[in-house]
Amino acid sequence: MLLYVFYILSAITLGTAFLTVISKNAIHSAIYLVVCFFSLAGHYLLFNAQFLAVVHIIVYAGAIMVLLLFTLMLMNLNNEDETSKPLYTKFAAVISAGLLCLVLIAALRKALPENIEYVNSGTDFQSIKVLGKVLLNEYAVPFEFASVLLLVSMIGAVLISKKEEKI
Amino acid sequence: MNILETVGINNYIMLSALLFCIGAFGLLYRRNAIIMFMSIEIMLNAVNLLLVAFSSYHEDPSGQVFVFFTMAVAAAEVAVGLAILVSVFRNIGNIDIDNLKNLKG
Amino acid sequence: MSTLIAIVGIGIFCLLAEIMNLRKIIIPVTIVSLMALFGLTLTGNLPEIKGYESMIVMDSYGKIFSCLFILLTALLVLQSAPSYVKGTKVSDFISIKVFMLSGAVAMVTFTNMAMFFLGIEVLSIGLYVLAGSDRLNIKSNEAGMKYFLMGSFASGILLFGIAMLYGATGAFDVATLQEASISASTEYWFYIGVILITIGMLFKVAATPMHFWAPDVYEGSPTQVTAMMSTLAKVTAMASFFKLITILNSQMLYSYTEVIIVVTIATMLFGNIMALRQKKIKRVLAYSGVSHTGFMLLTLLNINEAQNNLLFYATSYAIAGLAAFSVVLFVIKNEDNDQIDNFNGLAKKSPLMAFIMTIALLSMAGIPILAGFFAKFFLLSQIITSGFIGLAIVAIINSMIAVFYYFKVIVAMYTKEAEYEKEYANHSEYYIVGIVAAILLLVIGLFPDALMNLL
Amino acid sequence: MNTTILLLLFAPLVGFLINIFFGKSLGKTVSGVIGTATVFISFLCTLCLFSQINSGAETIKFHLADWFTVGSIKVNFSFLLDQLSVLWLLFVTGIGTLIHLYSISYMHDDENMHKFFSYLNLFVFFMIALVAGSNLLIMFIGWEGVGLCSYLLIGFWYKNQDYNDAAKKAFIMNRIGDLGFLIGIFILGYTFNTLEFLEIKSLLGKDVISPSLLSIAALCLFIGACGKSAQLPLSTWLPDAMAGPTPVSALIHAATMVTAGIFMVTRMNFLFDLTPDVQNVIAIVGTITAVVAASIGLVQNDIKKVLAYSTVSQLGLMFLALGLGAYEVAVFHVITHAFFKACLFLGSGSVIHALHGEQDMRNMGGLRKVMPITFWTMMISTLAISGIFPFSGFWSKDEILMTAFHANIPLWVIGSIASIMTAFYMFRLMYLTFFNDFRGTEEQKHHLHESPALITVPLIILGTLAAVGGVISLPGNSWLNHYMAPLFAHKAHGEHHLDSQAYMLMAIATIGALVGIGIAYSMYLKKKQVPVADNEVQGLHKVLSNKYYLDEIYMAIIVKPLYAISTFAKNFIEKYLSKTVFGFGSATYALSIQGKRIQNGNIGVYLFAFILGICGFLIYLFNIRN
Amino acid sequence: MNISIVLIVLLVGAIATYVSGNKLASKIALLTSIAAFGATLYALNAFNGGENLDVNTIWINRPAVNFALHVDGLSMAMLLLTTGLLPLIIASGFVTKFENEKAIYALMLFMGFAMAGTFLAADGFLYYIFWEIALIPIYFIALKWGNGDIEARKKAILKFFIYTFAGSLFMLLAFIYLYTKGGSFDINKLYALQLNSTEKTYIFFAFFLAYAIKIPVVPFHTWQANTYSKAPGVGTMLLSGIMLKMGLYSVLRWQLPLSDSAAKEYMPIIVALSIAGIIYGAVVTLKQKNIKKLLAYSSLSHVGLIAAGLYSLTIEGFQGAVLQMLSHGLVIVGLFYVVELIYNRYHTYEIKEMGGIRIQDTYFASLFMIIMLASVALPTTFNFIGEFNLLYSLFKVNMWYAIIAGTTIILGAFYMLRMFQKVMLGGETKSFQKISKQESIVLVIIVVVTIFFGLFPQPIIDLIEPSLQSILTQIK
């Protein structure tokens, strides 16, 4: 049962991801991407990582996608205005991405044993409580440091967008 | 009952590798900056999926904690990226990366 | 830890100062406090905050490199002052730079991959912003865009690598990873992680074939940002790359060594050969930076003994870069035009600046008695000791090629006449940074021991 | 004694220094007098030494100073005054004095007269060093030094580039010989660890040394002698050297310097005695030179050139004697030759002086009456050189031929032919110059006059010596052989008994000379022939007047190819060598263009390279390797 | 008293010259150089008195580098050459009006400092540093004050710089390798190092590359003629008078003792190569049209002979080489000075545009002629002593070497006399202003010194011989 769910979800994930990158219309891409994110959230749920799934939805589907869509709308880019490229560049893209895929998977297949034993010990490791503890004890420094990161990006975004005034 | 018992970690690794490659493909294939951003998001999400899977596999919360950081990074990148994109758009009127070929040689 | 906090504190002060209308004091205070921090960190007088050893440890490697970064940042801030002081965004710029410094410090002091990842992202995002910060300039936009896209891609790969490491070991902390790297029972995919991280870092240090962004971005970015990229960012990436390899791959596979050798040779050659025909000074320096990356990558072949050499090379390269960029800033002013022709006749107009540039370029070219010579010398002796004589010969051939384009600039300064009356950006900051850097180059060259014994 | 030697050595040097530094301010006459006086002082000193040596005093070794050491060889400034060197010095300084005296008048019109005298003094100094040196290197100093002075004096009128060419040629051909000399010095130095003549002589007797090495050494020294004494194949410089002022030709290119080769071989006689092969070579080269030069001399029209070829020819005869081991005979001929050839040159100088620089005999004639002293002295010398009894040349030449006759008949035959030719061309010269009517311009005719006393006095002295010089070594009672006997290891060759064979040979020689004279008489005096213009000559005559095309051959096989190689090297090798070396540079430069095409600003390409890089890494590290 | 005083004088003098400004610079430079020469003479006196002039202090700990200067006869002789020629070269600069005089004279002194250091250094690393920094000043001198078209000049000089730099980098490699073997750069420790023959071969050729380019030995000479013709007179003098000798000196001091077995093994080849250089240089010289190039190629020929003597590994060869270095240094400076004097009047280096000078200035012509004759090694000039030794050493190796190398005395005479004839002789064509007393001083000094040492070379031989013997023992 779960296996089928996994396959379906995986198919959705990959399919929508693929559609995202090949859709001519950027809005369509965005929609597909949202679907992709939801399917990923489904995967998280399969892992029993409910908190993560929720956060994922909020951050990606809620924040990032909205930001992207907003920008798209702002620029009025909903219709196709991407100049058509020569065929060979597309060809090169397909070849190289395919090669990357092939090589990466081959490497992984070579590295991974056929069946990795998984033992479920039943310990709680992904409830909000545990995550919170880990995040704010062990990972307090990176947690705080992430704020610096966000601060930088915030200042940066403002810096680039704001008009310079001479004094 | 855990998904890994049924599906196995291998499949998840493969899945995220494929997803990652789709992201890379998008980056190569498209010249629309926004869609390239999306491709990058796909790549980051592939990694997130991998992290979550490994977190489950090791029954270790730090993987999931790391996902939060990844999300923060993704958000930050998108914010900055969009800011740059907007200024590009303001200057040249579109967001086709192929128009950005002034710097070369 | 306390260094990191202090740096972030300085960054926040910049932001607050803006709010409190203290814009004028931002730069002086930043520089002074950074210098104070430099002294405190170097002498170890900073009160150490305990309890976060799982994330950050200020070991000697981290300490010395942090000091180098702090020094560089202080000089870079001083150097960039004339560009920002007239605008309203001074606090933004300065705070971003200071925050980037914090990222840099995190990158060499981390004991957990999360810290490393965040550090590198802080640095990178700061650079994306700065690269695109000249918002009305299309070149700057392009640089920001290119850097951002490729950088994010590299981040993704880096992240994938970290995830693989995590998958193989179940942990992010350095100690476990290090143990895993030398333990025989480690999952094989650990090495996929190592390789992906290597690739990500090769991008950050701009090594062939991941270097293509560097010249374009260097050229398009505002000059003071280019200075930062080619000095602080490169050195930081290199230092943290070195640290990562120490952790992840201290017992390097032979095939991995081979790959590094190939990359090194390719990087040196590519950088040097491409620099030959450049007409723009920033591109010349960018490509020369690429070739210097190749040299610095040589340290990875002997991670156990080479950290001094890396420190020496990084220091001399970064300081020479600072000196060079001071002159570049001085010469090209705010103009969009950074052709080497601008240097024509500099020796007559401003012998001092021409002299500083000469010192910087000679140091980069590895002419004795300057710091760059010793840097190359240490590297060469290191690789010869470990038996890579062929590699040493390649390195030497590269030094020869490099002379060609460095001297092109020197020739322009000393022999050519300026075609038109040129105004220079006559700011004392450029002089100060240039002189300090030139003196440092000379002093390090005269007393290389002092620097070598730090680590 | 030491003072005498020092004075002998350095008086000409002092003269040189005075003249070079102060000559101009001293005035022409004073500088001439100084130049002459210093050489005369040397002459007096030499006389003094000669009287001692002749009265049986010990050989004098004079150590002036240390010079330098080469490895284990010590080279000193030291001088050896024995029978040979003193004798040689005697006529060098003696004739030198006369020629200096002559020059005072001859060069009086030249603005650089003080230079002329300083060079002449320097020449005498180096000649003294050459002759008096006690080791090979001191001799080499003199050897090169006289070469230098010869260069300076041939090119004395340096405004004329032809003269400069002649000077250069003389120097360079001498240098070819010098290289041989130098190699010879190396061999001897290497073998004996010393360069002192006396030490080598004593070591030669003791040690067993590979004969082939000695032969090479001797041959090399002979090459040196060839260069200096203008023997084939290095003979062509001497006729060209006539570009110098006539006193120079007399002193350097007739009497003294060119005989340095003979001096050297005589000096090293102990070596040559041990190498019969080389002696044969010397004899053959000498004979061939004698006849070849004489044959060229038959058709020359320039009065000085005739004398020059005659000199070469006579030198060849001397080498013939040397090759036969008859050193004292060669020396005897050197001395008589010095007298009569100097006289002839000075006489020709007097003629040229009278004709204001005209040297072509076709434009002379009938000078006998206007210039009686010149005529008579030259006539005596001509008779001497032609080997007419009882003039000095008769005795010396006769001895050479007699020696040759005893040793090797073919050489004797060829030598005799050469001396017949000598008689012919010398009388040709006399007839063309002094007999018949004057063929020059009216202008010249108007100014014809006998030369002043300063010119004629030396002529008279030399003429006298040329006439009676033979007395020093009369057959059967030779003072010279006796005097020089200590120098030579073996019994002198020249001591021929005056038997019937000897008389017959003398007769043959005299008849030969008379035949030569007779032909000349019939052609030039009786038929009043005048040689045709240069472009009208034909056949063998043309070959001869072009000196067997030796210059052209050298030009074609040595100089031209050398220039061609030089041009080739300069324009081709240098260029392509440079290009090859910097091909690396250009190649990298060219690569740079290709690189710029990749770096085309397109982010897709960059990403493409990036991903290919990743793939390369992974493939290399995981799929191919284990 | 130690020998570093000479270096200090030169360095301080260089700075003082720069500081003193354009008006005083030339005089201060001359004074400094004379002071340095005085210091050298003083040191020579002390050295002959048996005093130890060495300096040895630790400079860098890791790698172990000492500031070690060692004085023996050989380095003393080279130091004499350097500090002796420096005043002459500086004085010969007086005939030319340079712009920015303070810089060029300071650079000249600085170069003197570096070259003197090269001759004195007894530590491989220190030696390398001196060796390399000597390049910088000459690069700038040639670049800034050179003559001819700027583009062509830039190319030629850059070529020179990169070429020599390239060579010396291989030397650096060899030094590093030696260091990894012995753990020290100290010359005596390096001498004592036990290496196998393969290593020695590699080291031999690494050094050879550096020196062959610097000396230069055919076919590594392509930089030379162009650089000489483009550099200003003083630069050419520095290059040919002293800098070439750095390479030759280094062969003796470093290359041969450090790679003895290889030196012996490859001796015939290297000597043959050097001899080929003699002939080749002479042949190419014949047809040169530019007088500076002509002298450059003649120099190539001469140093070929010196190199051949060095590589012959005989005491005569060493001795002759050192003597010839000194004499060639003097004479070539004189010749280039003559060229400079002519250039100042005719503004050309083309031989065909000269001529008829002797008739106008016989004094000048005489001085020139003596120097020219010295360069063709006429006996009683200093050059003869050296050349005699050198040819003798070649003879000891192989008679044919001596014969072939000996053709230099013929060819040398050929091209020199030819040049002299074309430049000086002939009728008056262009008016030539007579040289002044001041201008002639340099020439007079050179003539006097050349002849003096031609007559009394023994003091110098005595000075250098012990050190050469010890080097030879080291090799054997």
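Miscellaneous remarks
Read from first to last, the chains carry the letters A, B, C, D and E; within each, the first residue is number 1.
We take it that a residue touches a chain if its C-beta (ideal position, glycine included) is under 8 Å from a C-beta of that chain, and two chains touch if they have at least 3 such contacts.
Keep in mind it's a predicted model, so treat the numbers as computed, not measured.
Shared contact partners of subunit A and subunit E, listed by label: C, D. By the document's definition of touch, common neighbours of subunit B and subunit E comprise C, D.
Here the chain at the heart of the structure, going by C-alpha means, is E. Chain geometry summary: the mean Cα position of subunit D and that of subunit E are 37 Å apart. Subunit C has its Cα centroid 27 Å from the Cα centroid of subunit B.
Annotation: 43 Å between the Cα-based centres of subunit C and subunit E.
In this assembly, the C-alpha centroid of subunit A lies 5 Å from the C-alpha centroid of subunit B.
For subunit A, residues that reach two or more other chains under the stated contact definition are 92-93, 96-97, 100, 104, 107-108, 110-112, 138-139, 142, 146, 149, 152-153, 156-161. The set of subunit D residues that touch two or more partner chains comprises 585, 596, 599, 601, 603-604, 607-608, 611-612, 614, 618, 622. In subunit B, the residues that reach two or more other chains under the touch definition are 9, 13, 20, 23-24, 27-28, 31, 53, 55, 57, 60, 62, 65, 69, 73, 76-77, 80, 83-85, 87, 97-98, 100, 102-105. All chain pairs in contact, by the document's touch criterion: A-B, A-C, A-D, B-C, B-D, C-D, C-E, D-E. Those residues of subunit C that touch subunit A in the shared complex are 1, 4, 8, 11, 15, 23, 52, 54-56, 86-89, 92-93, 95-96, 99-100, 102-103, 106, 112, 114-115, 118-119, 121-122, 125-126, 128-129, 132-133, 135, 144, 187-189, 191-192.
By the touch criterion given at the top, residues 308, 362, 367-369, 373, 377-378, 380-381, 384-385, 389, 392-393, 396-397, 399-400, 403-404, 407, 411, 414-416, 447-449, 452-453 of subunit C touch subunit E in their complex. Remark: subunit D residues 585, 588-589, 591-593, 595-596, 598-599, 601, 603, 605-607, 609-610, 612-614, 616-618, 620-622, 625 touch subunit C in the complex. Residues 1-11, 13-15, 17-26, 28-32, 34-35, 37-39, 41-42, 45, 48-49, 52-53, 55-57, 59-62, 64-65, 67-69, 71-80, 82-87, 89, 94-96, 98 of subunit B touch subunit A in their complex. Those residues of subunit E that touch subunit D in the shared complex are 159, 162-163, 219-220, 222, 225, 280, 283-288, 314-316, 319-320, 356, 358-359, 362, 366, 373, 378-380, 385, 388-389, 391-392, 395-396, 399, 402-403, 406-407, 409-410, 413-414, 417-418, 421, 425-427, 455-458, 461.
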